[in-house]
Amino acid sequence: MNFLNRIVALDRRWVFLFLFVVVSMAYLLRNYFSVDITVTKEVKSIYDFIEKRNEGDKLLISFDYDPSSLAELHPMSRAIMLHCFRRGIRVVAVTLSQYGAGMVEEILREVAAEAKEAYGVDPQYGRDYCFVGYRPYPAMVILGMGENFRVFFPRDYYDTPLDSIPLMQGVRNYDDVNAVIGITSGTTADFWIVYGNARYDMPLALGVTGVMATDYYPYLGNAIFGLIGGWKGAAEYEKLIDRSADANAGMPAQVVAHLTIVLFIMIGNIGYLLSRKSTNAVS
Amino acid sequence: MKRRVPLIIVFCVSLFMVIQYFVPLDSLERVYRSFLDYTIIIGVFALLLGIWSLCRVNYDKIKRKSENWQYAIITLTGFFIMTIAGFLSGWGRTDNYLYQHLFSYVLVPIQATMFSLLAFFIASAAFRAFRARSLLATLLLISGLVIMIRFVPLGFLSEPISDLAGWILRVPNMAAKRAIIIGVGLGAVATAFKIMLGIERAYLGRD
Amino acid sequence: MHETIQDSATVTLLWTTLGALLTVATFSFLYRDNPIYKVAEHLVVGVGAGYFLVLLVYTTLKPKLFDALAEGHLWYIIPGVLGVLMWLRFSRKLSWISRYSIAFYIGTSGVSIPLYMYNNVNRQVSSTLDLGMGFGSLTEVWGILIVLGTLAGLVYFFFSKAHKGAFGGFAKFGILVLMIGFGASFGYTVMARISLFVQRIAELEDWGAMLIAYFFS
Amino acid sequence: MRHLLRLFLILLLAFVVDGQSVYSQESDPVTSTADSVATEPVTPPPASAFGLAGEDMPNDNGHKLRVKWQYPAEAVGDITGFEIWRATSPTGEFRMLGQAPNDYFEYLDIGNKETPAPDFMANNSDFFYKVVAIGKNGLRTESEPGGPFRTYGQWFHRGKTPVLVGVVLFGCFTFYFIRAAKKGKELYVRPLAGIEAVDEAIGRATEMGKPTLYILGIGTASEIATIASFAILGRVAKKIAEYQTQLIVPCYDAIVMSIAQDVVRSSYLQAGRPDQYSDDMVYFVTNAQFAYVAGVNGIMMRQRPATNFYLGYFAAESLILAETGNSIGAIQIAGTDQITQIPFFVVACDYTLIGEELYAASAYLGRDPLLLGSLKAEDWGKGIVMALIVVGVVATIFGWDGFRELIRVNL
């Protein structure tokens, strides 16, 4: 009875201490743990889509986030691009975020190098991937690209005319890429759905931050064929391509944290229900 | 003069803001953009009032030697060092050494850590409030638990739980959000109308 | 914003150590209010105010007011005057004039009328009519359920009708749906919040590695 | 090996293209592909585009034109695409705007609205276009200039009609019910727990001899939620003045602070205690988000308020504040229109005003008939929205998609 009451009214600092210790341990000892992540359908469908493509097929990836959301969205960007490069899928990169251009240029170069090291494929700029740069007014740009990429991007980020880039020859609009993947941290995700998919009906998948993900579930199966949400989604994708990286490094900590919170909630409820029962019995 | 003129200003500016949304004229768009600039500029001028308030409150604390007055010195010192450093590197430039480093090694870590305290508070709030006290609290508890437990590898249970979580996110969660969003929309429009018409005028004070 | 001076390893270590100590100081709030938290708190309040004062003067006042005036856009005198009027608040007698500036500022809230109507009403109603938005084979059923849940939620928010009878029952259904939604949003946010903490731990780990590298190599 | 060969070819190609653009006077190297250099042009130049037409795009101020043209179907295979050029007179200087692929026969010319931009397009003016067919053999054929095509500025964005209808209709409701309320029509409002608790919460602070903390959020003064919060602050401050207890209002924004000072001062005046007001009650903390949170946490830990109000616009700090407030045992009443933060307030606070209830709170507290009237208007708005949804769902089920178009906004 006394014990139960104590659990029900446990000082929250015990929760803090426990969480602090287990989560930081799980993170610091991340190399000694591996977490078996369940892959969700919405992530698997993106993987399957890329897996079923033929070598030389093309994807448009739009990196619509800026460095402030880099920590959350870079892992999934990396994983998807690595998968593309491994399978020989060409990547057309664009950013609709004002501060995104420098960041995208950097990650493209890094992932190309990583793919070379990991799979020995050596993706080349202009042949296997290219970056067309940034234009303001995302809604307009998404509409314009439905007509022709050249409306807003006559030249790529390095000022080469698109038609001089082998990869872009004959690529006019969404009809000439197999799918669009929008990795976004804001309203651009809505624009991709409303102005991209609704008007031009191209296959669309989204990668979004964890907080945003719930808002886009309703579009699964009609407007978008896949959805990756935050670290968890990225970790699932890393698992699918069998290459554990940043997202997986954080997963033990995530799992342990969720488990801790769930356990505390359960203990609290058991204590609450039992103590209520015993007070009922007394009265 | 004291009350009527401000109310007329509010009415005119509000009405303009409504009209410009529907009328695609360049001239209106230009005025609209400069109005937004104006508000930001007024905000910076007003910041001086804020700074004055900050300095006075802390100065008073020191002068009256009220409890914890020593810490007020830290606030004032931090503020003045940052401001002087910021304005020291020349008009329009913020590449002062101290300004940059205080930003990166004081402001960023403390703010980021403050933000990360949420990890703990979300746990303590869940522990305290997620109790099966009533039907409503139980629903809150169950839907929260299902979503969180998705993270935990549970073998053969993982898939049905993940499906259930997906359903909660797509169906009831969606309905709840829509209802609130639509209600907020109508409420905000009604309130903005009241402000425009001068019915809601608490912000002007009453004297 | 480029750094002009390259720090030596020692100086970098010192700055990083300062950041790490302040991180620990902020975490100490979880235990209880204490002197080192008070130091971090008071420091960040002052530094934050100074940082934004400088930033706002340079990124707003300079380009939007001074530069605009220098380029001959004389109508930018108006916001300058409105801004200066705010300062009349320092005077007891004239402070009422600052209400003109405040009135202008409040007036811009008029833009909410069309924007909220569009974003919150038109768009939401039109996407509610997309019944295909469910999942699995029961798509339409879930679509209808979403519609019912939305209607019930709206009923719950009615102000001028008592929650009695059938109306009250529907409102009750509405609040049940709202609660399930709140639980889901809460549960879903845990991941993002834990990531924030993990990032702080990663910073501290980097600092530890830096210390070891400095003293043992 | 194959990769190497490909790489070699690409390098060669790049070299040739590069060299070409240096030596030719072409304005755009796009047209001079490697093939055209490698093979001698033996075929005749491509056929010319004809029948240029231009139409003004609606819903703008006349900076857009849709250009259409025709092209002999049998010759489409000979060309790689088109270039579209624009000038202000048929003999004037033409400027290249963009390209279109060979099976596209229209181009949307979105001109710049501002004068110094090179692709500036004046509204209500005439323009002339030329379409250049680009042959696979590298030869180009210009069409006859087409025009004049005129851009027109519109006075109303027709795609936004549903929004206008909504605004006007809802405006009329608000107006009608406020007038009805003025005539003294009694209006029923259902009780809100969060509002009923306000008196009790302030009373508790008075009994305990502890202050009341009022947080206006981190929004600006033009945010609807902040303005609604000012009105509630006015009511709360008046009660506090009457009870003669202490009020603390730490602010995030300087304008919000200025207005809050006026509001609280006049509440004290109304309560007949103007002498007890001082500007120290409403003060500025800092305008860095989490620095502000740190400051407010400190205030809570040291001044130990018995009652906390969080009303206005909130972001991630909502839960930090509410949990700290809970740990000091304060009664907490929260309210925000930020949908992502409502769950946290619901979980961690004693009472939460959900979404629009925040806007309604000042009407409830003041029982001012004018303000209550607008609540009735909101209910009517909700009723109409619900009716629209029901009719719309029925229409969708029976396959009449036209109904959705009535609501949908085309930006």
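Per-chain residue numbering starts at 1, and chain names A, B, C and D are given in the order in which the chains are listed.
Following the convention adopted for this analysis, a residue touches a chain if its C-beta (ideal position, glycine included) is under 8 Å from a C-beta of that chain, and two chains touch if they have at least 3 such contacts.
Remember, it's a predicted structure, so these values are computed and weren't measured experimentally.
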Remotest chain, chain C as reference, centres from CA atoms: A
Between B-C and C-D, the pair joined by more C-beta contacts: B-C
Gap in Å, rounded to a whole number, between the CA centres of chain D and chain C: 15
Distance between chain centroids, defined by C-alpha means - chain B, chain C (Å): 4
Chain A-chain B separation of Cα centroids, rounded to whole Å: 26
Mean-CA-position distance for chain C and chain A (Å): 22
Residues within chain C bordering two or more other chains: 26-27, 29-30, 38, 40-42, 44-49, 51-52, 86, 89, 99, 102, 105-106, 108-109, 112-114, 116-117, 121, 125, 128, 133-135, 146-147, 150-151, 154, 157, 178, 181-186, 188-191, 194, 197, 199
Multi-partner residues of chain A (each touching 2 or more other chains): 12, 16, 20, 23, 211, 213-214, 217-218, 220, 232, 254, 257-258, 261
Chain D, residues touching no fewer than two other chains: 160, 163-164, 167, 170, 221-222, 224, 227, 255, 258-259, 262, 285-288, 290-291, 294, 302, 340, 342, 344, 346-347, 354-356, 360, 375, 378, 382, 385
Chain contact graph, described as a line, ring, star, complete graph or other shape: complete
Chain C-facing residues of chain D, complex: 160, 162-164, 166-167, 170, 187-190, 221-224, 227, 255, 258-259, 262, 285-288, 290-292, 294-295, 297-298, 301-302, 340, 342-344, 346-347, 354-357, 360, 375-376, 378-379, 382, 385-386, 388-390, 392-393, 395-397, 403-404, 407-409
Complex interface listing, chain D residues touching chain B: 59-61, 113, 123, 153-157, 160, 163-164, 167, 170-171, 174-175, 178, 220-222, 224, 227-228, 230-231, 233-234, 251, 253-255, 257-259, 262-263, 265-267, 269-270, 279-280, 283-291, 293-294, 302, 316, 319-320, 322-324, 326, 337, 339, 342, 344, 346-348, 354-356, 358-360, 362, 370-371, 374-375, 377-378, 381-382, 385
Sites on chain A touched by chain C in the complex: 13, 16, 20, 23-24, 27-28, 71-72, 209-211, 213-214, 217-222, 230-232, 250, 253-254, 257-258, 261
For the chain B and chain A complex, residues of the former touching the latter: 119-120, 122-124, 126-128, 130-133, 141, 144-145, 148-153, 158-159, 162, 166, 169-170, 173-174, 177
List of chain D residues in touch with chain A within their complex: 3, 6-7, 10, 13-14, 17, 28-30, 33, 98-101, 104, 108, 110, 327, 340, 411
